[in-house]
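Presented below are the structures under discussion, each in the form of C-alpha cells.
Next come two complexes built around chain A: one with chain B, the other with chain C.
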Partner chain A sequence: MAEFVESFLSQLAQTVLVVLLAPLMLGWVNQCRAWLQNRSGPGLLQPYRVLHKLFHKDALLAHNASVIFRAAPYIQFGCMVLAASIVPVLGTNLAFSPAADVIALVGVFALARVFSSLAAMDVGTAFGSLGARREMLVASLSEPALLMVFFTPLLIVQSSSLSSIVDALAHRDFAIYPSLAFAAVAFIMVLLAENARIPVDNPATHLELTMIHEALILEYSARHLALIEWATAVKLTVYCAIGIALFAPWGMVEGTNWLMFPAAAGALVIKLALAGTGLAVLETVSAKMRIFRAPEFLGMAFLFAVLGMLIRQLLGA
Partner chain B sequence: MLPAAVPPLELIVGVVSYWMVIGLAGLLRPLSLYFVSRVLFPLGILGGMVLILAALQGVASQPADLVLPLGLPDLPFHIRLDPLAAVFVGLLGIAAVGISFFSAGYFRRVQGSPPGLLCLQYHLFLAAMTVVLLADDAYLFMVAWETMAITSYFLVTSNHKVPEIRSAGFLYLLIAHVGAIAILLCFGVLQGGQGNYTFAAMRQIELSAFWGSAAFALALFGFGAKAGLLPLHVWLPEAHPAAPSPISALMSGVMLKTAIYGILRVTFDLLQVQLWWWGVLALVLGLLTALFGVMFAAVQTDMKRLLAYSSIENIGVIVAGIGLTIIFHVYQQPHLAALSLVATLYHCLNHACFKSLLFMVTGSVLHSTHQRSLGKLGGLIRNMPWVAMTALIGSLAIAGLPPLNGFVSEWLLLQAFLFSPGIANPYLNMLVPVAAAALVLAAALSAYVMVKFYGVIFLGQYREPSLAEARDEGPWARAGLVWLSAWCVLLGILPATVIRLLDNVTQPLVDFAIGSNLERTGWLLIAPISPERSSYGPLLFLLGITGTVLLTYFLVRRFYHGRERRVAAWDCGFPAQNARMQDTAEGFGQPIKQIFEPFFRIRRQMPGPFDARPTYSATTEDRLWYWLYLPVARLNERLAAWIGILQHGRIYLYLLYSFVTLLGLLMFML
Partner chain C sequence: MTLSTQLINLMAALLLLIAFAMLAQRRILSLIHLFAWQGAVLTANSVIVAYSTGQTHLYYSALLTLALKVIVMPLILHRLIIRLNIKWDVETLINIPTTMLVGIALVVISFNVALPISQLAGTITRSTLGIAVAIVLLSFLMMITRRKAVPQVIGFLAMENGLFFAATSTTYGMPMVVELGIALDVLVGMLILGIFFFQVRQAFDSLDLKHMERLKEE
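For the complex of A and B:
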C-alpha cells in the first residue's frame, strides 16, 4: 500500500509539474525565437498572462455550435494531461504507467486530434473543415512515422512501456546506438509536424492558405481557447519529454528517492531549455513549406525511422 | 431465462429452429407491416440473446457433437460446437440482437418485397449463418453456405424495381458463387481421397505439402471472395448501398465474419500442417486489402459505399492477423501465435459491433433525410442526438481510438508485430516490422476516414435546407443503436475478461493461451506478454480522462466563471458564409486523392478557360475493375460466342448432334 501511495505521489508531482511548466516552455521557445530574430520578445511569462486573460473573458459560441464543440477543449486538455502522466520526466516510478505504453500514448494524441478536428467541423465554416482536413492528413502520415520511431528503442529494450525503456536506457553502460540516432532525427521531424511548428505549420500565422492548427481553433474564444492553448503547450512539453526519455534519459530518479527529485527537476529544466532553444533555432533557419510538401517531409521521417529499426534488426547496433 | 440443464449446442439448434419458425410466421400475413415489425422482429431478438448466453457457455466447455437425422439418406447432418465456433456464434448473437431491434423500427414503408417475405429471408439468413458456424461436415456446410448466399441475395435485391440494385445483386451472387466453387473444391482436396466428408475425418488426414497448399489457396480464394479480400472485393461497394441498412449491417458485421471463420477453420483445424509462406501470402494480401480499402473509403461520396470500403479495410486487417498467426505458429512461437490469433478474433468481434452500428446509423440518416450522398448531408447532430451520439461512439471505435474497442485489437496486433524478432528467417524478420508500419498507416488513415464520415454527416451546417426537418429515431431503433454502442464500450474497457474467454480458442488451435499472464495483472490491465514489457489498462485510461475533464470543468468554474454568449460564427471575419462553403465529401478526400493518385483511376472533366457554362466533374474508379474484371468478362463473352456457334435453335440440328454423339460413343465402345 505504501508503495502505491509513493508511486501515486510521484505521479501526481510530475504530472502537475509538467502541466504547470508547459506554458513556461512555450514562453521560452517564443523568447528564444524573438532573440534569434533580433526582437526583444514578450518575456517568459507571457503565455501565463494570455491564459489568465482568456479565462476571464466571456466565451463566444456560434449559434449552431453543438456539444462536441464545447466538450472538445476539455477532452483535448484531459488527453494531454493523461499523456503528461504517462511519460516519465522526473522518475520512473509512476502509478499510471502500466495503464498505457507508447502505442497507447500515440492513441491519446490521436484521440485529442480527432476531437479537435471534429470540433473544427462543427460550426461549419470554410476554414474549420479546411483545417480539419489538413490536420488529419498530416496526422495520418506522422502517426506511422512516430510509431516507427518508437520501435527502435522498443527493440533494444524489448519493452513498450516508457518507464521500462527509460530504466533500461538510463541505467546501463554507456553505449552509442546508431539506430537511435536515426530514430532521433525522425522523431524531431515528427515533433515539428505534430506540434504545428515550422516547416509544416506556422503557429504565428493566420494566413488562409497556409494555416493548419490555427484554422482548427479559429472559432474558439475565452476559456475554451485557453484550454486548447494550454493543451498545445503541454503537448509540446510532453513531446520534448518523450524525446528526452528516449534519447537522453540520464538524470532521472530510479524508484522513489524523494531527495533526488530536486536534482532530477533541475536536470529536466536544463534539458527542456536546451530542447526549446534547439526548436527555436530550427524554426528560425527553416521556411514554411507548402502543404503538399508535408507528405514528402513525413515520408522522409518515416524512412529514417525504418532505417533505424532495420539497423537495429539486422546489425544489432 | 436460460435452463442450465440444456447444453449449449442443443440450445443453439433450438434458436435456429426458432428463427425458422419466426421466418415462416411472416408468411401468415405477408403484407402486414405492423405484424412483422412489431411482433416478429422483436421475437427474433430473444433468439440472439439466447445465442449470446449459449456462446458464453460453449466457449468455456468441451467441444460437443451432435448428428441430426436430417439431410439425405445415409448422409446425416453433423454439427459441433467448439470454442472457435462459439466465439463466432456469440458475435452473431450480439449483432443479431442489435440489428433485430433496429429492424423492428426500420421497416416502416413497404418497398419492393412484401414485409412477410423480408422477415422470412432475414430470419433464414440468420439461421443459415448459425448453421455455417456449427456445421461439422462439408455437406451441411455447403448447404448452409449457399442458403446464406441466396437469402442474402434476395435481401440485397429486396427493392428489386431499381435496375442498379438488380445489377448489384447479380454481381454479388456471381462472386459469391465463384467463391463457393473454390470452397467446394477445397473440401474436395481436404478429404484426401477417402470419400468421407465429415470434418472429423478431414482432421485425421495429413495432406502432402502440395495438396495442403492447394487447399489453403482454395480456401483463401473462396472465403476471401465472401469476405471481400483483394481482388474479389468489388461486390461490397455495390451490394451494400443497394441493400436495406439492417441487411448491410448484418452482411458486413456478421456474414463477412463467417468467411473469416471458414479461413480459420480450414487453416488451423482441418489442415494439420501449415507452411510459412501461407502466412506471408495472407499477411501481404491482407495489408494490401487494408490499404486499398482505406484509401478508397477516403474518397467516397456515398456514405454506404464509404462504409463498404471501410469493411474491406477491416477484413484486410483481420486477414493480416491470420497471416501473422500462421507465421508464428509455423516458426514455433506459440506465445505470439496465440497473441495474434486473439487480436484477430478480437477484431472480428469489434468489427461486428461497430460496423453494424454504423450501417444502422446510415439507415437512420437515410430514413429521415432520404439522402445517401454525403454532399447533401450535414448538421444532423442537432436533429438526431441519439443517432449522432451512438454514431460518435462507433466512429471513434472504428478509428482505433482508446479507450474504445477498436484500439484494443489494434494494440494487441501491434504487440504481436513488435515482439516478433526471433523468427528463424531473416527475411521475415525484416518484413514483419515493415508490415506493422503498413498496418499503422491503414489505422491512421481510417481515423481520417471516420472524421470525414462523422464530420460531414453530423457536424457543420445543413447542406440542404430540407435537413432541418430530419427527426430522430424511435425507441426500437434507438435500442438497437444503444445496444451495439454499449458493446463497443464494453469490449473496449474490459479486454482482460474477453481475452480470457478467447484463450479457450487459442489453446486448441495454436497450443497456447495468453491468459496465464493475466493472472498476474488482474482484470484491470492487459499484458499479453508480460507486465514488464507492455500493458494497457483501458478502464484506468477512461477514468484518467474523465477525471481530468471533470476536474478542469469545475476548476475553471470555481476560479473563473462559466459565462457564454451565442453569436454568429466568426470565420476569420468573412461576412457572407453559407453552407456551400464547407468542405464537401470530395473536398475532404481530395488530399488523399492527390497523395495516393497512382492507386486510383481518376477521370476529370475540366472546363476550358472560355467556357460560357463551365462544368467540372471527377470520378474515382477502381483500377482492378479495368485490369481484371472487364478482361475476364470479355474473355467469358468470347468463349460464350464460340460455343454459341453450336446453337441455332433448329430442332433437326440438335437431333443431328445427338446422333453424332451417339455414333461417337458407339465407336468408342467398340
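For the complex of A and C:
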C-alpha cells in the first residue's frame, strides 16, 4: 500500500510539474527565437499572462456549434495531461506507466488530433476545413514515422513501456548506438511537424495560405482557446520530454528516492532549456517549406526511423 | 562489443546515411560535397580498422582514399561543373519518397544476401558487409534514377566507394597492387568521363542523357 501511495505521489508531482512548466517552456522558446532574430522578446512569462487573460474573457460560440466544438478543448487538454503522466520526466516509478506504453501514447496524441480536426470542421467555415485537411495530411505521415522512432529503443530494451526503456537506457554501460542516433534525427523531424513548428508550419502566422494549426483554432475564444493554447504548450513539453527520455535519459531517479528528486528536477530544467534553445535555433535557420514539400520531409523522417530500426536489427548496434 | 567495433558500426551507419542522402540530393554541388564526405568517413573507417587489427597496409590505402576521394576527385568534379557552368543545376527528381522506399527494400535485401558470408568471415568488421553491399546497390539505384551525366558519374564513384568498404569489411582490404590499380583506374576513368561531358554537351547541347537513347541520326 505504501508503495502504491509513493508511486502515486511521484506520478502526481511529475504531471503537475509538466503541466505547470509547459507555458514557461513555450515562453523560453519564443524568447530564444526573439534573441536570435535580434528582437527583444515578450518575456518568459508571457504565455502565463495570455492564459490568464483568456480565462477571464467571455467565450463566444458560433450559432451552429455542436457539442463536439465545445468538448474538443477539454478533450485535447485531457489527452495532453494524460500524455504528460505517461512520460517519465523525473523518476521512472509512475503509477500510470503500466497502463499505457509508447504505442498507446501515439494513440493519445492521435485522439487529441482527431477531436481538434472534428471541431475545426464543425462550424463549417472554409478555414477550419482547410486546416483540418492539412493537419490530417501531416498527421497521417508523421504518425507512422513516430511509431518507427519508438521501435528502435523498444527493440534495444525489449519492452514497450517508457519507464522500463528509460530505466534500461539510463543505467547501461556506455555504448555507441548508431541506430539511436538515426531514431533521434527522425524524432526531431517528427517533433517539428507534430508541434506545428517551422519548417512545416509557422506557429506565429495567421496567413491563410500557410497556416495549419492556427486555422484549426480560429473559431475559438476565451477559456476554450486558453485550454487549447495550454494543451499545445504541454504537447511541446511532452515531446521534448519524450526526446530526453529516449535519447538523453541520464539523471533520472530510479524507483522512489525522494532525496534525488531536486537533482533530477534540476537536470530536467537544464535539459528542457537546452532543447528549447535547440528548437529556437532550428526554427531560425530554416525557412518554412511549401505544404506539398511536407510529405517529402516526413518521408525522410520515416526513412531515418526505419534505417535506425534496420541497423539495430541487422547490425545489432 | 569493443569500442573499435562500435566505432566501425558507427562509420558503417554514417556511410549508409550518406548513401541515402546522395539518393535524395537534387543539387549537383551538394552531391559533390556528400561524395567528399563519404570518402572522409571511408578514410576514418580504414584508419580505425587498421589501428584495431594492426594491418599496416590499411594505413596506406586510407591515405590513398584521403588523397583521391576526399581531395582530388571532388576538386576535379568541382572544376568540371564550373567549366560546364552547371554549378547551380537542380535536377528535377520525381518522387523521392518512392525512391527512398525502394532504397529501404534494397538495404533489407543486401543484409539478407550478406548474412551467410558475414557468418563465415572471421574479421571484426564482418557485420558491416551488408551495409557495404547496400551502398553499392544504392549507388546503382542512383545511377538508374538520374538523368544528367554528372550525377551518374558521382553514382559510379560512390559505387566504387561501396566496393572498397566491402573489401575492408570482409578481408581487411585488397592487396596493395589491386587497390592501387583500382584507384588509378577510377581516376583515369574520371578524367576520361570529364572529357566525355564536353563532347556530350557539344553534340546534344545538354548533359541530359535521354538524348542519347536515340541511336540513329535523323
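We adopt the following convention: the second predicted complex is superposed on the first by the 317 of 317 C-alpha atoms of A that agree within 3 Å, B and C clash if a C-alpha of one lies under 4 Å from a C-alpha of the other, contacts with A are read in each partner's own complex, and residues count from 1 in each chain.
By our rule, a contact is a pair of C-beta atoms (placed from the backbone, for glycine too) under 8 Å apart; a residue touches a chain by one contact, two chains touch by 3 or more.
Since we're looking at a predicted model, the values are computed, not measured.
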_By the touch definition at the top of the document, which applies to A:R134: first (chain B), second (chain C), both, or neither?_
first
_So in the superposed three-chain picture, is A:M300 touching just chain B, just chain C, both, or none of them (first/second/both/neither)?_
second
*Determine, under the contact definition given at the top, whether A:K53 touches first (chain B), second (chain C), both, or neither.*
neither
*Of the partners chain B and chain C, which touch A:R39 in the superposed model: first, second, both, neither?*
neither
_Residues of chain A touched, compared between chain B and chain C (which is higher)_ = B
*Which superposed partner A:P98 touches (first chain B, second chain C, both, neither)*: first
*Give one of first, second, both or neither to describe whether A:S179 is in contact with chain B, with chain C, with both, or with none.*
second
_Once chain A of both complexes is superposed, is A:L310 in touch with chain B (first), chain C (second), both, or neither?_
both
_Please report the chain A residues shared by its interface with chain B and its interface with chain C._
295, 306, 310, 314
*In their complex, what parts of chain B are in touch with chain A?*
378-379, 381-382, 392, 396, 399-402, 407, 411, 414-415, 418-419, 421, 426, 429-430, 433-434, 436-437, 440-441, 443-445, 447-448, 450-452, 454-456, 459-461, 521, 525, 527, 531-537, 540-541, 544-546, 548-549, 552-553, 556, 559-572, 574, 577, 579, 581-583, 587-588, 590-592, 594-595
*Please give the residue numbers of chain A that touch chain C in the complex, ascending.*
175-176, 178-179, 181-182, 295-296, 299-300, 303, 306-307, 310-311, 314-317
*Can you name the residues of chain C that touch chain A in the complex?*
1, 6-7, 9-10, 12-14, 16-17, 20, 24, 96-97, 100, 103-104, 107-108, 111, 127-128, 130-131
*In the complex with chain B, residue positions of chain A that touch it*: 55-56, 58-64, 66-68, 71, 74-75, 77-79, 81-82, 85, 96, 98-101, 103-104, 107-108, 110-111, 113-114, 117-118, 121-130, 132-134, 136-137, 139-141, 143-144, 147-148, 151, 154-155, 158-161, 164, 206, 208, 218-219, 222-223, 227, 291-292, 295, 302, 306, 309-310, 313-314
